[in-house]
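What follows is a single structure, written as structure tokens, with notes after it.
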Amino acid sequence: MNGLPGLYATVMKAAVQTQFQYRTANYAYMLGMVAEPVVYLVVWSAVAESRGGSVGGITAGEFAAYYIVWTLVRNMNIVLTPYAWEDRIQQGELSGMLLRPVHPIHYDLAFFAGWKVVVVLLWIPIALVLSVAFRPTFDISALEAVVFLVAIWGAYLIRSLLLWALGMITFWTTRVSAIYDVYFTAELLLSGRLVPLALLPAWAGGLADWLPFKYTFGYPIEVLAGSLSTRELLTGLALQAVWIGFGAALVAAVWRVGIRRYGAVGS
Amino acid sequence: MTALRLAGTFLRIGILNELQYRVNLVFSLVQSAIAVGTSLAVLALVFGNTDSLRGWSAGELLVVMGVHVLVGGLIRSVIQPNMQQLMEDIQRGTLDFVLTKPADGQLLVSVRRVQIWQAVDILVGAALVVVAVVRLPATPGVLDVLAFAAALALGAVSIYCFWLLLTTLAFWVTRLDPLVELFEGMYQAGRWPVSVYPGWLRIGFTVLVPLAFAVTVPASALTGRSTGWLLLGSVAFTVALATVTRLAWRHALRRYSGASA
Amino acid sequence: MDIEVDGLRKTFRVPRREAGLRASLRSLVRRTTTEVVAVDAVSFSVEPGEVVGFLGPNGAGKTTTLKMLSGLLFPGSGTVRVLGHVPSRREHDFLRRITLVMGNRNQLQWDLPALDSYEMNRAIYRIPAPDFRRVRDELVELLDLGDQVRKPVRQLSLGERMKAEIVGALLHSPQVLFLDEPTIGLDVTMQKRIRAFLAEYNSRHGATVLLTSHYMADVQALCKRVVVIDAGRILYDGSLRTLSARYSQRQTITATVADRAGLAGLGELVSVDGDRVTLRVDKERSAAVVAALLGHGVTDLTIEDPPVEDVIEQVFAS
């Protein structure tokens, strides 16, 4: 295979091989990640219990389903962190990337996509243990399953593109951690990562509809763990496509300006 | 006494140097504000739906969160920087320089670094605790405050021991950063009192990751929950953990110098 | 005696890795280890004030020996005494009187000025303040460091960093110095600077120095005595000059001759440059060759032992 598909195949294969070697490290990362949804789950289950079984129409079993799917979606959302850009620019790695005849984002997209193969394999036992411990209630139709499989990759693309664009701020300043923090906090609160969006106050829920974060967490999770209508399922996919388009345009625009800046300043 | 003086010298040098990077204060403040804001938002969400979480009121949970932020600041300003340096030293072989110094090795590796701006969280956490306690219906007495201070100190020692134990693993395992990540994930669970968690998790958070002793027990003292027994348990646990840590450290060093091989 | 080593031996267990999936699967269950002898029956002693060079190829056991002498490694068997102490006990009295410098590793804190690291060492070694200032200023002066000690260490060049390291290692006025490749990676001028300093320091303070180096120039400049070690064993222990004499069977004769015909028969002809010829001959034949050369109209003649590098190479080859 040649061209872009060939590149993706090769880089993904390399990613699977390297990440499989680091399976113990990968597992430790994943276990650390599990702590977060377990805490949310425990807290909301307790709240549901104190209210006689459900909060905002969500039962303890549905919370369990939500946060177990959460763990898979969270893993799909692991992409190049914006912090990696500092190293990339300082160590001159970026100069090497610029010499290749392909846009560097393809390497990252392919690499992290390949990594997912390993992650999903490692995720299965974690999901089983969580299911035994928290007894989720699932009701999945064939359409939901198909939409979910598409939606998690949509989420992956949206988050990859947005964080790539964000990371490029490093071209202008290295003191970026505060900006990243703001982004991650907004994401935490308005994506469905912290709580199902239905539990947010109405104004916050309305705000979330107009931001991309929802399409990287809440939407894919609810496809599987919630009860969305067919119309909602498909509109969600369409809006994911819109955000992917937006992300791609953003990356292209920032990249063009950023690289000019990089060329002028050097490393 | 010498230990204190040594730690004092190191602390002074570290602080004097960090003072040069005053911009970092701004970043720590932003970070702290975001973290506290998020915590408050979560509290508001939860208590918008219920009046009490397994017997803890909103005001009492604010105390827990304050202690959590405070201890988190302690970890990030003093404990973690030292342990990361130790990890690097073990991997690069520069631990040799520590071992050829005429001072206790464990003491030396524990006091070398300080990131003073991260200590902003200690102040923010303390402020949060004060605000929360003042607004509680029942103001804690002097004895409760003393119990709080004692429990907090014991908890800090437990967390330090736990980190050193974790870091000691670097003598055997080459890649430790995932474990650090794991701990950070776990530490987030301490934002809630351990009694919220189901039994098996509660045991884990109490014994394996000493969140209960570092966060919940001190907060209990201020919210009228502490008994002498709880404090006594904290003392026993801390002493046991410190002993185990000391032994593990000596064992690791003996292995490092090939004495047990 | 400052250092006494008798029958020192150290072995390491290293896991044996075989290629192939099956072998690596098997090693998960049962780790096969091999015993590697790093140091084998090493004995020597060093007198106070002596400067001894430790020579040997990579993996010869130099660093392992140095680590046992400084108390970092337990000896497998045999005895080590340094300043009357058993190093592996790491008694504070012992540690206060030695120092260790490793050329490829630094102990100064990366983000802090060297001065601050010195201050930390003062606290660790409990050096009285006036002594500390006097020694520090003297060392900084001797090494010509000036204001460099006020900059964060990461901003220093490799050579400056090494000088700053050395100051930090000598603040407590140790009696025994273990120097492991102190000039590694430095340019020639910086190497010379550090060598000159070490020689000066040794003569001023009468400190005992044990030095390993890859650079023969270090050894030639500093050590009257060398210990050659290879594969964990001592091959030679004595003066540098005797080493050349013992191990080089050949000498180099350079002569300016009028008549170059038939020279090749006398020995190995290394070079001919106009009327200057260089010959390499067996040592016992050199007198005869010189005599023969006289018949060729010699105007200028020198006989040299080969450079130390060549001698060492020969030692290891034999």
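Letters are used for the chains, namely A, B and C, taken in the order the chains are written, and counting of residues starts over at 1 for each.
As a working rule, a residue touches a chain if its C-beta (ideal position, glycine included) is under 8 Å from a C-beta of that chain, and two chains touch if they have at least 3 such contacts.
Composition by chain, UniProt nomenclature: A = Efflux ABC transporter, permease protein.
This structure is a prediction, so every number in the text was calculated from the model and none was measured.
The chain closest to the protein's centre is B, with centres computed as averages of CA atoms. Chain centre most remote from that of subunit A: C (centre = mean of CA atoms).
Between subunit B and subunit C the centroid-to-centroid distance comes to 46 Å (mean Cα coordinates, whole Å). Inter-chain spacing, taken between the CA centroids of subunit A and subunit C, is 55 Å. Rounded to whole angstrom, the centroid-to-centroid distance between subunit A and subunit B, based on C-alpha atoms, equals 30 Å. Contact residues of subunit B toward subunit A in the complex are 23, 26-27, 30-31, 34, 37-38, 41-42, 45-46, 48-54, 175, 177-179, 181-186, 188-189, 191-192, 196-198, 200-201. By the touch rule above, subunit C contacts subunit B in their complex via residues 10, 12-13, 67, 70-74, 76, 88, 90, 92-96, 98-100, 102, 105-107, 109, 111-113, 116, 119-126. Residues 2, 5-6, 9-10, 13, 16-17, 92-94, 96-97, 99-103, 108, 112, 254, 257-259, 261 of subunit B are the ones that touch subunit C when the two sit in their complex. The residues of subunit A lying in touch with subunit B in their complex are 22, 24-29, 31-36, 38-39, 42-44, 46-47, 50-51, 55-56, 133, 175, 177-178, 181-182, 185, 188-189, 194-195, 199-201.
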